[in-house]
Structure formats: structure tokens, C-alpha cells
Amino acid sequence: MNRPVVVKTIERIGREAVEQLEHFGVSTIHEAQGRCGLLANYMRPIYSGPPVAGYAITVSLPAADNLMLHVAVEVCQPGDMLVVAPTSYCSDGYFGELLATSLRARGVKALVIESGVRDIHLLTEMKFPVWSRAVCSQGTAKATLGSVNVPIVCADALVTPGDIVVADDDGVVVVKRELVDEVIKMSARRSERESYVRQRLAQGESGLDIYGWRDRLGDLEYRD
Amino acid sequence: MNRPVVVKTIERIGREAVEQLEHFGVSTIHEAQGRCGLLANYMRPIYSGPPVAGYAITVSLPAADNLMLHVAVEVCQPGDMLVVAPTSYCSDGYFGELLATSLRARGVKALVIESGVRDIHLLTEMKFPVWSRAVCSQGTAKATLGSVNVPIVCADALVTPGDIVVADDDGVVVVKRELVDEVIKMSARRSERESYVRQRLAQGESGLDIYGWRDRLGDLEYRD
Amino acid sequence: MNRPVVVKTIERIGREAVEQLEHFGVSTIHEAQGRCGLLANYMRPIYSGPPVAGYAITVSLPAADNLMLHVAVEVCQPGDMLVVAPTSYCSDGYFGELLATSLRARGVKALVIESGVRDIHLLTEMKFPVWSRAVCSQGTAKATLGSVNVPIVCADALVTPGDIVVADDDGVVVVKRELVDEVIKMSARRSERESYVRQRLAQGESGLDIYGWRDRLGDLEYRD
Amino acid sequence: MNRPVVVKTIERIGREAVEQLEHFGVSTIHEAQGRCGLLANYMRPIYSGPPVAGYAITVSLPAADNLMLHVAVEVCQPGDMLVVAPTSYCSDGYFGELLATSLRARGVKALVIESGVRDIHLLTEMKFPVWSRAVCSQGTAKATLGSVNVPIVCADALVTPGDIVVADDDGVVVVKRELVDEVIKMSARRSERESYVRQRLAQGESGLDIYGWRDRLGDLEYRD
Amino acid sequence: MNRPVVVKTIERIGREAVEQLEHFGVSTIHEAQGRCGLLANYMRPIYSGPPVAGYAITVSLPAADNLMLHVAVEVCQPGDMLVVAPTSYCSDGYFGELLATSLRARGVKALVIESGVRDIHLLTEMKFPVWSRAVCSQGTAKATLGSVNVPIVCADALVTPGDIVVADDDGVVVVKRELVDEVIKMSARRSERESYVRQRLAQGESGLDIYGWRDRLGDLEYRD
Amino acid sequence: MNRPVVVKTIERIGREAVEQLEHFGVSTIHEAQGRCGLLANYMRPIYSGPPVAGYAITVSLPAADNLMLHVAVEVCQPGDMLVVAPTSYCSDGYFGELLATSLRARGVKALVIESGVRDIHLLTEMKFPVWSRAVCSQGTAKATLGSVNVPIVCADALVTPGDIVVADDDGVVVVKRELVDEVIKMSARRSERESYVRQRLAQGESGLDIYGWRDRLGDLEYRD
């Protein structure tokens, strides 16, 4: 059944691929992989910044109890991103500047949490990126177990440990490890095509012509 | 009945009046015109900036389908603002940096959309102002028709094509074309009166005395 | 029963204590006083800034009517913070730049309001800090009485006149006047302990060891 | 500008047409008239019951003030429905059993209000149908004017006095007076077609075949 | 500071007064006591029924932990109502049919909880009335202490142990113990006046005349 | 990548096990399987009724487009339950009485949809159970493909085709096919234990004693 477990090791793909995904950003990747893997849009950055990508370390924990965050820190490695989801709705402040210090000491790049965080001012100062559902000073208990590195649902998206998580001002998207190469290829292709389209749009051409959608307007009546 | 239509030409009042409304900003105009025409306050700017005003080009389109935005671009002219409302609740990302490039090429000043937008970082960089209900990477279909330049309800406000839309950090307000002159006059009067009131308040006078409201306190008991 | 009243004088503790609370900030104080007194986390600052603390001047007023704000101004003194709660849900713009001018003239440090405010741009420019539930241009009536300096519930927290209110980017917390000394002592103790913990975390030690929580993991299964 | 006014007389179409619309119900009418005129789906009945239709008497009034409801009662006639929208978000209890008694005395069929109502138990007992955004005991002021029988936006829909409002367990829809005949014709046609479709579906036929949509599945891969 | 405590005995007023309040119901009492003491309107009954009133036994407990409900049961006596508020937002199912059985065994009349409950079907069958913010199967921990019979804020209202809580289909209201007699007197007066007004309204008289509000319409323009 | 696919056949466990799960209901099963698999509590039944359980047929489809529901019907068999999730937030009415007729013709027991439904009155009359996020008359397009019988996230829960879905007045829970036997065993054990506890609670015993939690109260201060 659903017993607490910590899976200590996950597979991590090469860093170069992660950097490429980081470069493309959330909206391009989401489109490139066929519009899947997007977290719900109530997940917002606590401050504006460039895209961040990393290996998902997943945490499933109870509402209002952050004991498992301290457990998860120990399995993190450089380049990881912590992805955290309580098992029921909660907006308490699971995470603040001390845990960020701990994560940074292990090279973790960012936090994605479907709940609340605090110490916003300090986190911004130390430039530790966080995407969360809420900001809240309310602390949590440290009493009940959960699991680390099991598949979780975070903000409507399935996240498997080792997936690549990409986050920026647009939101957060998850790329399945086994699809990374194809997603990079498709993102690059999309990016190139967009450069070309952008140029034509900037010159005043209509998207209807560039994309060839004018024949979809069949029934549309134009009036002066 | 409700058949898709594009009205190609709208009446636009003189630019000078638009600039004057832009100068006053949303809260002054909303008060000056008798507290009407305000869009619901879930309409927020994607970045903070000065007030923007323009001629409303209206778009009514289905949830999760942005084909009509591409159609609407073609009828836009310099000084316009695109005002977009889906026919049912949606928070998908109808609009991003490519459509902004297209609008900018035609001199459109801003977008007001009762749904989601994406490419927040790029839109901010290119200083294309947007007021929206949500930020969301999720793209839309391009399959179903809607209408351009028909009266629409956007975020609880009725917007008629050619109305002047003013937006700033406080929100978005619509000024009926035929009332623009009176609204400018009333806004100016209000602005002047506020300068005078501000000065007295800054010297420590009570608003109750300045506005003459002290007699409304009849039943109020004062205690030490 | 519930008749409108203005209590003109409140007891104010010494300024030094207020400054000390201001220094600690919301999250530390909230923890230090046993996790009570926090306002609901929909209370957000209109702009990011350092912590502010002051003596609570409380205002209970009807939905959509701000007459009592003008009354409350008159009982404010330097170092106060205005804490305002309508008697039912409202998000209208009770407060703008003119009232801020009036409060500033009396040395009031900030506003906390469980409703809406407007003139965001001007309030930010004049650096008058506000924590509110909403931003909204919609003005209010000035017709109905309420009370000043009675105990109120604001955003789920009981606020008694003369309590110390502390607000920052994390939210807003209330410290009971009679507990201020103990809260300062506990906050200082917590702050010191955190410095020590921070140092150890920064060196890569586990929070589980520092805090001594490893024995809580009894049932936790570790797997490779 | 926006000055308070009461338009005493509205045009009412024949009763027979209203009864026919009442018979079809909200979802059929909404589809039949091209998917327009639907109020936002936070408008819910206070109790379940059959569809109700009537002539729209519109009321625009301030947040937290119901003086204009008492004014509106006087212009109501048998077969009318009161449609009420505050000028900004409010959930207070504008309406209860006494006002329902007053409306019933004049033959008004129902209330549609984008705010709160109270006396739910009594309203249910006297079978006075109400569609509202909220249930709330909080009463309102009776101090500020608004308008009766001007076009209003209620729950995202434009309502013009004399429009036919139809409400049932699915929600509320508005039919423009001038389109009533066509909407009835289209609703009847839709109803008939649905009877036929229902029969075939009940026999286990696929909607894809009945509606002829199977060729839209071109790219769809079927796997065992 | 904020240390967990159980106050075992509270003062309870005479039963007759409670029954009288029960008879008047929420909306009448709320008006009669000057529109205070109303809980936020997201507190809804799990099933429709007659008004219930009782002595408030208050419980303050952590998010997602119901240990203190089991503690509170032991101090309950016949005629009590349990009023429960977590110290931060939670919608988990703190309460179900077993706890209801326990409360019923002690003569407790109902539960008011600013969180979630479960076993809706069984609670309805056993006719145990509950007003809650949510319905949710998610259970809670039983690990962390809180307090019983201290003043709490529940759904925006201050509740002191021994206050009379009245709840019905309109919501929940709190009557301060020391005001009960006056509230009963005012409620009775209001009830009588309403009977008289109801009769006149039923005969088609206008509320404007009955209440004498017609002179408030000074600026109102009437048009045909 | 994410290409539309229909998996025609799923594995279905024996009917008897499904009936046993149906008997236990949501809250018991959720606890028995270690508090996992619960859908978010905004999923509510359109009418109150007994628990329903069935084999999950999953549908992933775009916002505002129900073409895939018609496709899914064809792979349904007696005893199935349709579980539907749009790829982004939507509350439109994807489903009404005609589709219910089609599903019933194939023996489908119920619908679970993270969006809107319509024809509430007819669905209630024909006793076709639905759990949904919203009620909404707004229809959908029938233009864009999605997938049937792939793993989906519905209302925060991962649903794999062939999982057993159980729904009642408390909400909706998913049981992994491979865990069904253990969940039944645990549910039965829990049910028995609850019968025993219920009896003792009904006789006035304290849950603290029955469950043996009194030693958790160590720090709790009792006062008169």
C-alpha cells in the first residue's frame, strides 16, 4: 500500500541536455512536447528571473508537516530541483531561508512546491528561485512521514523522479527523461520557425497568411 | 442570431482626447464618469507601468481557441488597444510574444484579455503592456470562429468598438466614445480639486472638515 | 449592542520595543510567539519592502463605505498603523493617495486593510506601505458609521487597539501589547539559534542531525 | 454620464412566447441562439426546480446597498423577473423573504442577483425561485441611488430591460427580445433533432456516426 | 504565550434563552444585534434543516490534525455546540460519523468547523447538523496539541466559550452571552415589526412607503 | 511525444471485488489504502446518492472540446466509469443528457469529469450519477483530438485505465487495480474496528481512551 519510502538514487541525464532545456524556457518546451506536462498556473515564481531547469527530486508529504523536506535534502545532488506536493490542499509555509541554505549547500537549483513558502525577502536576496502556490508565514509540524523520489502529482502534473523540471516567469513544465532528446530537437525546430515568423510579423504580414489559416475563415462575414 | 462577423472599420475619436484620458489614469476617470465602466479587478497588468489608453478593437472568441486574434490583428490601426473576451471561463495562454510583435507592427498600444497570456519575460522586455486574468503557457486551438468589433462583455464591463480603454496599475476602465469630452472635463475638474485637497491634507487638516462630512457623524459616540 | 463608537486614546508601548519587533520581521515573530496572531495570507503588500511595525488603530466599517477612515485619521499619532476590516466581504478601493497623504501628515506608518486600495502607482512612489486583500479603482460611499479602536477581526486575526502590528513581504502579524517583551526575548533567542543553524546547514550538515529529528524516521524505508 | 434613473415602462412581448422559452430550458436555448447570453456559472438556484422565464426588469445598484430593490418593485408587473447587479463585487444579503413577498404581490416570477440572498428556508417554503452568487445573512444599507431598467451587465451577460430571462438548474440565459421568435424556432428544431438522436443513442449507436464526425478522427491512432 | 490549554468549565446561560434564539434564526438575530457576529458565508450546512442553537465549546487546533477534537469531546455537555477553527487554512476532513456519535452521546447539538468533514451520507442519516467550509475524505494526523475553550476566530468571527451559536440554512451567528437578553428582546421586536410589514407588502404596498424611505430618492429621475 | 491515441481494451478485475469496494465507500477506502488516490474535493456529485464503483475508462481532451467523449463511448463496457480531464482548466458543459443516454446504453455506471456538465435536471431524473467540478450550460467544440485509456491526472489524482474508481457524497477515490484485494481486506478490517469503536463511543467513552491517545496530551494544561 502507501508506505513511506525514500528512494536514494535516481537516474540523471547529462547536464548539457538540461542546459539546453533551460535555454528554451517553459512555453516553447510545453508546445514542443505536444502540450503536456504543464503544472497548473497557480504555481508562480516568488520573484521574476530567467528560466531554471534541473532533475526532479520528488517529495510527497502530509498537509502542514515538512519533516520530509529535511529528509529529502539528504538525497539531493548538484543540479537537482526539489518538487514538493502535500497529499491534500495546504498553503502553510513549508519552506524558508534556512532550508534554502541547506539546499544551496548541496547545489540544488530551485524549489517547486504546491503549498506556501516564507522568508520571501531573504530568498530573493540570496537568489534562490521558488515556484509556489502561496506565500505564508505559518510554519508546519515535523511529525509525520511521507515519501521521497516516488512518482507524485504536483499541481495537476505527474512528476517522476529524474524528470527534467523547467520553470520560468510563465510557469513550470515537466519533461519525461526518456523524451528529452526529442523535446530538445522539437524545441529547436520550433524556435527557428518562430524566428522566421517573428521577422515576417514584424514587417506587418498577417499570421493568417504566414501560417496558412485563411481558409479556416470560410463562414466569416466581413463588414465595413 | 449569433453568427461570426468582422466589422472592419470603427470610428476613432481624435488622438488628443485619448492622450488626455491616458494622462488622468484609471481611478480618476472611473470616479469622473460616475463610477461606471470599470473592468473586474482580477484584470491585472503583467508588469507595472504608466497608464495606457487606446481605441477598443473588440474580440469575442471561444474558450481555448485564438484563431480570431490573428483575424483581429488585420483590422488594427495605430493607437488601438485589443480587448478580448472568451465566451466562457478560460485561463489558457491565448497570446504571447509573436502576436505582440504582430500588434506592435501595426501600432497597437496594448492588450486587455479576460484569459491567460504567456511569454511574460519577453513581453516585459519588449515593453508591450498586457492586462490579463492569468499567466499560462497552455496554448490554444486555431479552429473556431468568433467575432471582431461587436459589442462584448469583458470582465463585467460592456465594451463597444471605438470606446476608449484606459489601463494602469489600478486596473482597466472603458470610456464611451460619446462621453469622452465630458469625462475629460470632469476628470480635469476632479484632478484640480484633488490638488487643493491634497495640499490641505498634507498640512494635517481633517478630510471631514475639507469635504464637510462632519455632520454625518451625528450618532457617533466619542470616548476617551 | 453594536453601536458606533470612537475610542480616542489608546495605550502605546515604548517605541524601542516596536523597533525591535520591526527588526525581526513577521515569520520570526509569528514562530516566536507560538504561531498565533497571523493574518490570512491573502493580505499582500502592494510593493516589496522592508518590515514595518506600529501601534494598531483599528477600524470596523461597513462594506463599500469609507466614511470611518476619515474619522480614524483624526485619532492617529506618529508611529501608528491603521488596521481596517469591513463587516462583510468587500474588495472596493477604500483607500488611495489622498488618504495616504492625510495619514502621512500625522506620522502613520502604514495601512493594513482587508479590502481594496487604489492609486497603487502613487502610493508606491510616495513609499506609503499598504497590505491589502485587493487592488480596485472602485470608490466607496461615505454614508454609514462604524467604530474606531474597538477590537476587530481582520483577515482571521483578532486585533485589539494598541497591539503591535508587524508587516513585511511574508504577510502581517499581530503582537498583543502585554506580550511584547516576551515576544522580543523569544524572537531574539530564535534569531540567534537560527544563525547557528544557518552556519551548519551552509556547511552541508543535515537539518535532521542539527535539530535531532532523525529518530522520528523510525518507520521510513530507505531504498536505492 | 452615469446618473441614477428609473425607466418606468418597458416593452413586453406576448406571454405565449415566454412560456415556450420556459418550456425549452436554459441549455437548449443557449445552444439554439448560437451560444450567447449565458450568465456566469457561479449563478446558482437556491433550490432545485423547473425552468422559469420572465421579462427582465434590470437593477444596477451599489455594493452593499439595496435601496433600489425597493424602488424596482414598484415598476414590476406580472410575469417579470428581477435581474440585479451591484456595480462592484458584493456577496451581502440584498434580498430576503419580505422583498419576495412584495415581488410576489406584484406577480414577479423570480429573482436573479449577482450577489447574496438570505431567508433561504422561507424562500424555499414559499417557492419563490432565486438564482444568486451567494447566500449571506449580512444586510445592506438603504442610502445610495442606482438605476432601474437601464442595460446592465449581470454575471458577464448584457441584460436589456424587456429581454426574456430563462433560469433553471443549469443556470441563467438571456434572450434578446427581438430574437425571441427565431430562438423559439431554433430551440424547437434542436429539441426535435435531439429526440431523434436520443432514440438512436439509446439503442447503442455511436454519436460519431449519428453526427457524422468520424472523419474528424483522421490522425487518431487506435491500439489494442 | 500561546501554550495549549483546556478550560474544562464554561458558564452556560439558561436553556430557555437558547431555545428562544434558536426560534428566531440567524438572519433575524444578526440584524437584531446590530449586524455583528456573523461567520463568513463560506460556512455552509451539509444538509438543509431547521435552526440549531447551543453553547459554544471552542477548539483551536493545527491544520490537518484533529487530536484536539477528541480532547474537546470530554468537556462537552448537553446543549453544547462545538466550534472549531484550524490556525491556518485547511479543508481536510477533521470530523466524521464516529466523532458525531461521540458528541451525540454527550448531548452535543451540532458542529461548526472552518475546515472539512466527511461521512456526509451517514451524518445526514443520523441527523447530526454540521456547518463546514468543505467536504473532504482526507483524514488528519493526531499528533499536535491545541486549545479548548479559549477565545478563537472562526470564519472571521470572534467566538468566546459559552457564547450562544445559532446556525441555519442562512449561515452561522454568534451571540455574546452577556447580550443574550437584549438580543432576544430586539429579535422579538424585529419579528413583530416584520409580521406587520409582511402583511402590508403582501397587499401590494411599497416598502418605500412602509419604511418611509421615499424622501431618499430626491435625485432620482423617473422616465417613461 | 504526446500523440492522440485510443487504447481499445483494458484489463478489468472481477465484478465481485468492485461491488465490495462500492459497499465500503470513499472515506473508508481512502483511509484503508493509506490515504492516497483521493481526487480534489472540488469534485462534487450533481445529486446525493449511494456510492458507485466501476472500471476507469480515462479520457484526456483539450479545454472546451468534447469530441473525445464521443470516441470514448465506443470503448466502454458494462460496469465502466468514464473519468475525464481537460489538459487545462475548463468549466464548460462537456456532458449532458444525450451523452448520458449513450453511456447508459453501454452499461456505463457514472461519469467523473474535472470540468462542467449540463442537463442537471434530466441527469437527476434518469439517475445517472455524475461527479464534476462545475455545472455549466456552455457547450464545447468537437474539433480537436485527445486520448482514451492513457494514464491521466484528474483533479490531482493519477488514474490508470482499469483502476477502480469509487465515488459517493464524500468525493471520489481511485484504487490501483493491483491493490484491490489488499484494499478490500484493509477496508473490511477498518469497518469492523469502526463498528466496535462506534459502540463504545455511543456509550459515552472517550476516543482518547479507546484509541490510546491520552499519553499524547503530556504538555496539555487543564484548567477549571
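In this document, chain identifiers A, B, C, D, E and F correspond to the written order of the chains, with residue numbering beginning at 1 in each.
Following the convention adopted for this analysis, a contact is a pair of C-beta atoms (placed from the backbone, for glycine too) under 8 Å apart; a residue touches a chain by one contact, two chains touch by 3 or more.
As the structure is a prediction and not an experimental result, all values here were calculated from the model.
A.B. asks: Keeping to the contact definition above, tell me which chains border both chain B and chain C.
C.D. replies: The common neighbours are A, D.
A.B. asks: Using the touch definition from the top, list the chains contacting both chain B and chain F.
C.D. replies: Touching chain B as well as chain F, we find A, D.
A.B. asks: If you tally the C-beta contacts for E-F and for C-D, which one comes out higher?
C.D. replies: If we tally the C-beta pairs in contact for E-F and C-D, the bigger total goes to E-F.
A.B. asks: CA centre of chain D versus CA centre of chain E: separation in Å?
C.D. replies: 32
A.B. asks: At what distance in angstrom does the C-alpha mean of chain F lie from that of chain C?
C.D. replies: About 42 Å, centre to centre.
A.B. asks: Residues of chain E that contact two or more other chains, please.
C.D. replies: Residue numbers touching two or more other chains: 3, 35, 38, 41, 87-89, 91, 136, 138, 143.
A.B. asks: Pick one for the touching-chains graph, please: line, ring, star, complete, other.
C.D. replies: other
A.B. asks: Can you list every touching chain pair?
C.D. replies: Listed by label, chains in contact pair as A-B, A-C, A-E, A-F, B-C, B-D, B-F, C-D, C-E, D-E, D-F, E-F.
A.B. asks: For the complex, give me every residue of chain C touching chain D.
C.D. replies: 62-65, 87-92, 136, 138, 141, 143-144
A.B. asks: Write out the stretch or stretches of chain C touching chain B in their complex.
C.D. replies: 3-9, 67, 70-71, 73-74, 91, 93, 96-99, 101-102, 104-106, 116, 118-121, 124, 134-139, 142-143, 145
A.B. asks: Considering only the defined contacts, which chain D positions touch chain B in the complex?
C.D. replies: Listed in rising order, the residues of chain D that touch chain B are 1-3, 33-36, 38, 40-41, 87-89, 151, 153, 156-158, 179, 182-183, 186.
A.B. asks: Taking the touch rule as given, give the residues of chain C at its contact with chain A in the complex, in rising order.
C.D. replies: Interface residues on the chain C side: 25-27, 30-31, 35, 38, 41, 44, 48, 50, 168-171, 173, 194, 197-198, 201-204, 206-208, 211, 213, 216-217, 219-224.
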